[in-house]
Amino acid sequence: QSATSLKISHQFPGGTISEGDFRDRLSRMFAAEVEKRSKGTLKFEVYPGSSLMKTNAQFSSMRKGALDLSLVPLSYAGGEVPEVNIGLMPGLVTSYEQGYSWKNAEVGKELNRILLDKGIVVVSWIWQAGGVASRGKPIVEPEDAKGLKIRGGSREMDLILKAAGAAVVSLPSNEIYAAMQTGAMDAALTSSTSLISFRLEEVSKALTSGRGAAYWFMFEPLMMSKAVFDRLSKEQQAAIMAVGGELETFARKSAQTDDSLVAAVYQKAGAKVVDLSPATVKKWQAIARATAWKDYGERNENCAKLLMLAQKTL
Amino acid sequence: MSHGFELKPPPGPALPDQPALAAVAKLLNLLNSALLKLSMAALVLTALVLTYSVVSRYFFQAPTDWQDEASVFMLVGVTFFCTAYVQSYRGHIGIEALAALLPRRVNLFRLFLVDLLSCLFCAFFSWKSWTLFHEAWRDGQTTSSTFAPPLWIPYAMMATGMTILTLQILLQTLAHMTNQPRQGEAP
Amino acid sequence: MSELTLGALYGAVTLVVMFSGMPIAFALGVVATGFMYFCMPASSLDTITQNVYEEMASITLLSIPLFILKGAAIGKSPAGKDLYSAIHTWLHKVPGGLGIANVFACALFAAMAGSSPATCSAIGSAGIPEMRKRGYSPGFAAGIIAAGGTLGILLPPSITMILYAVAAEQSLGRLFLAGIGPGILLVLLFAGYAVQRARKEYSLALKIYEQGGAKSAYLEDEHFTLAQKVEMLPRVLPFLVLLIGVMVALYGGFATPSETAGLGALLALVLIAVVYRVWRPMDLAPILSSTIKESTMLLLIIGMSLFYSYVMSYLHISQSAANWVVGMHLSKWLLLAVILLMVIVFGFFLPPVSIILMTAPIILPPLKAAGFDLIWFGIVMTVVMEMGLIHPPVGLNIFVIKNIAPDIPLKDVVWGVFPFLVLMFVAVLLLCVFPGIATGLPNLIMGVK
């Protein structure tokens, strides 16, 4: 029997199995380990840096069975499946413990059910904290955001920033650097790993780090097309799910390493690095509850249910 | 990159010889010119929208978050709405290096084949665009931004534009088959 | 079938379909769909349209029509001719001054338009007849305009650079700035050559006249009074307002690059309305329709070539080709030479936009791995593609010249542009030896990357 070849697509910078962006490394480790355990009946090709298709096309292509696997922030598909916006709901997850507890909690089971229904299998649960890079003073308390031009990067974060009195800026991610440099934008929120790869420390004076407490947690799982998954043998399916689960430890450790690393990088570049206190996180959470959570919960019944279940893990 | 810049405004695409086809061609030309006018307005409007977003952010401290997507939608519309118009003048450039080398009859056959294949491709693309439109409409898909405009709008423009383009090429192919041979001229 | 064989087949089929004369956009779509049908899962066919849409729905890409509009507003109104006359009034006393004036006019217009053929036609339609009227040989006149026009994609804004920035994931602002130094270098090289060649043609004309031959127009003296010269100055003002306005908006942090495109287009329309009274729908229609024609054709090619490269990537062709090149273990500079040679070969047949879209995914990873600065390479590649615009068989600027001055034999045009090809090659060498020509300015303004 000839080997089945599967494609893993992601938008992050490409590297090797031992070096580079941990999300790319995870994809490569996954490929190598599954290939081994499936005794070579499954082979993989990793496509980093959106070299196969545009980021936004990945989710839909997986649903149709035209793409096999992808590691992508789940909320990017929010326009197609509104429920998935829960994957980037500020304040709803405030620690790695809590995020990873979803998998076996009711909220995780419900999210899994909804995604399966849409033709998607979650292979590996990956959470990542993020922070704020700013070209002026650090944005710690909600009041600090007032009057500044900030890129929230998602619908939910934008709603919160607006409520905090910030001017929300929308622009493509490849223009963030230039916009921060010229001052077209004052601050940007994104994951710790992306804060490093965008090299924003060169144009920033301050960083609000996501190490320790954070209100910005993003769910970016390794996902697989259900249509493709169903065609595989029981053994192959088992190998995929087992390796996916085992890599979660690596993902969590790497994400936390990057949370510290980004702080070190900014410190070295001469930027002021500030950590969040649990009390500050509570303040952001209060705004989120009144804006983004409410907006999400009112989308449909599934959303309301997911939100309710997620709050149980708080 | 086109040569369109330096060309004098064309007198209008040549009508097919066959009367029924000529009538359809006239209708299609009317439709194309209406869509062109609409697109001209959309182009100026896009420039206005992007300028407004700068002005509003700097002078009124009221940033807009919809300007990029509104512009994308309008420019996608402009592109697809006018693609049949461009085709009516054979404005989609190709490499015509062979035209000078081949005998006239072979050339005619080559042009027919090119049109037929182009037509089939555009028909296929139109069909898949309409399916995409249908999915977006049925599931209420939007973009994933804060502004979150519905995706059926650009998909519908893409599907409409490609459908008209298919008709345009089909008409050109049929005209090609029915036109009287002209002296020393490739149809 | 191995990936490289499949790649060769993909390339061969593409060449056949393209040379059949099928419009490039459809040719790319047909080839990609065909290979998708035979080599990819059936469900892929359902994703074609969404892929094309996602590729196109980028505000960076869609700023292209706005940059074209800005150029067309100037080039299709009397503004282009005025710019040219004003520079000429001031430079006509300098030996070869008319040639220099044309190079400068091309450069200034290039700084406003995003494409090379647009620059070529805007300046050439006034410039070529004027130069010939004053005795310049037809080939020389054609050469200056064809070469000067290529600056359109090197001096910002530039459509090809927009595409490159998207493909290479580099900052557009930085790339635009990097084009300015090499742009000035080429202007100086072109101008220097124009002086030398004009002198040669002048002395030849003088010799013929002294030996009793015909009196060339070179020998006629032309005079402008100071008043006439001063009177011409305000005509350059709208260009400066436009240039400076857009620069300040972009680098002063007022606007994002895509907003700058909209702002620039609107500013150009306002300027021609105020200065040249071009504002009625009837006056604007030719400007808008030519913009739409050019950008529709372009964007359809872009959309389809992104789809084409998706299929290529899915079939692992690009990656295998890149691996193959990397696997040859060429030294850093040999790798660059091989890649530039490939760009030149593509330049025989394809416009710069298509070259970028089709080669970027293949050539950028190995270049990055070899340690080249991708901003610098973007500039070098742009200069090499400028050469493609003026060399046969497919050279868009040559077609433009044939359109403006149909009576100049193609042979004369080709020989006329040849010296400029050599100068561009010299510029590429200089860029390799002194990369700072390109990277200096962006590093100065935006900080060292």
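Points worth noting:
In order of appearance the chains are A, B and C, and numbering begins at 1 in each one.
Criterion: a residue touches a chain if its C-beta (ideal position, glycine included) is under 8 Å from a C-beta of that chain, and two chains touch if they have at least 3 such contacts.
Predicted model only: the values in this text are computed from it and were never measured.
Across every pairing of chains, the maximum count of C-beta contacts belongs to B-C. Chain centres here are C-alpha means, and the one lying farthest from chain C is A. In this assembly, the C-alpha centroid of chain A lies 39 Å from the C-alpha centroid of chain C.
Between the Cα centres of chain A and chain B there is a gap of 38 Å. Each chain gets a centre from the mean of its Cα atoms; for chain B and chain C, those two points are 24 Å apart.
In chain C, 46, 50, 58-59, 254-255, 258 are the positions where the chain touches two or more neighbouring chains simultaneously. Contact with two or more other chains is made by residues 56, 171-172 of chain A. Listed for chain B are residues 67-68, each touching two or more other chains. On chain C, the positions that touch chain B within their shared complex are 18-27, 29-30, 33, 45-46, 48-50, 52-53, 56-59, 62, 65-66, 69, 72, 75-76, 115-118, 120-122, 125, 159, 249, 254-255, 258-259, 261-263, 265-266, 269, 284-286, 288-301, 303, 349, 351-353, 393-394, 396, 399-400, 403-404.
On the chain A side of its complex with chain B, the touching residues are 56, 75-80, 147, 149, 152, 154-155, 158-159, 167-172. Within the complex, the chain C residues that touch chain A are 40-41, 43-44, 46-47, 50-51, 54-55, 58-60, 165-166, 169-174, 250-258, 310, 313-314, 316, 318-319, 361, 365, 446-447, 449.
Taken in their complex, chain A has these residues touching chain C: 7, 14, 45, 47, 49, 51-54, 56-57, 60-61, 64-66, 171-172, 174-175, 177-179, 181-184, 199, 202-203, 227. Residue ranges of chain B in contact with chain A, taken from their complex: 57, 61-63, 65-69, 139, 141-148, 151.
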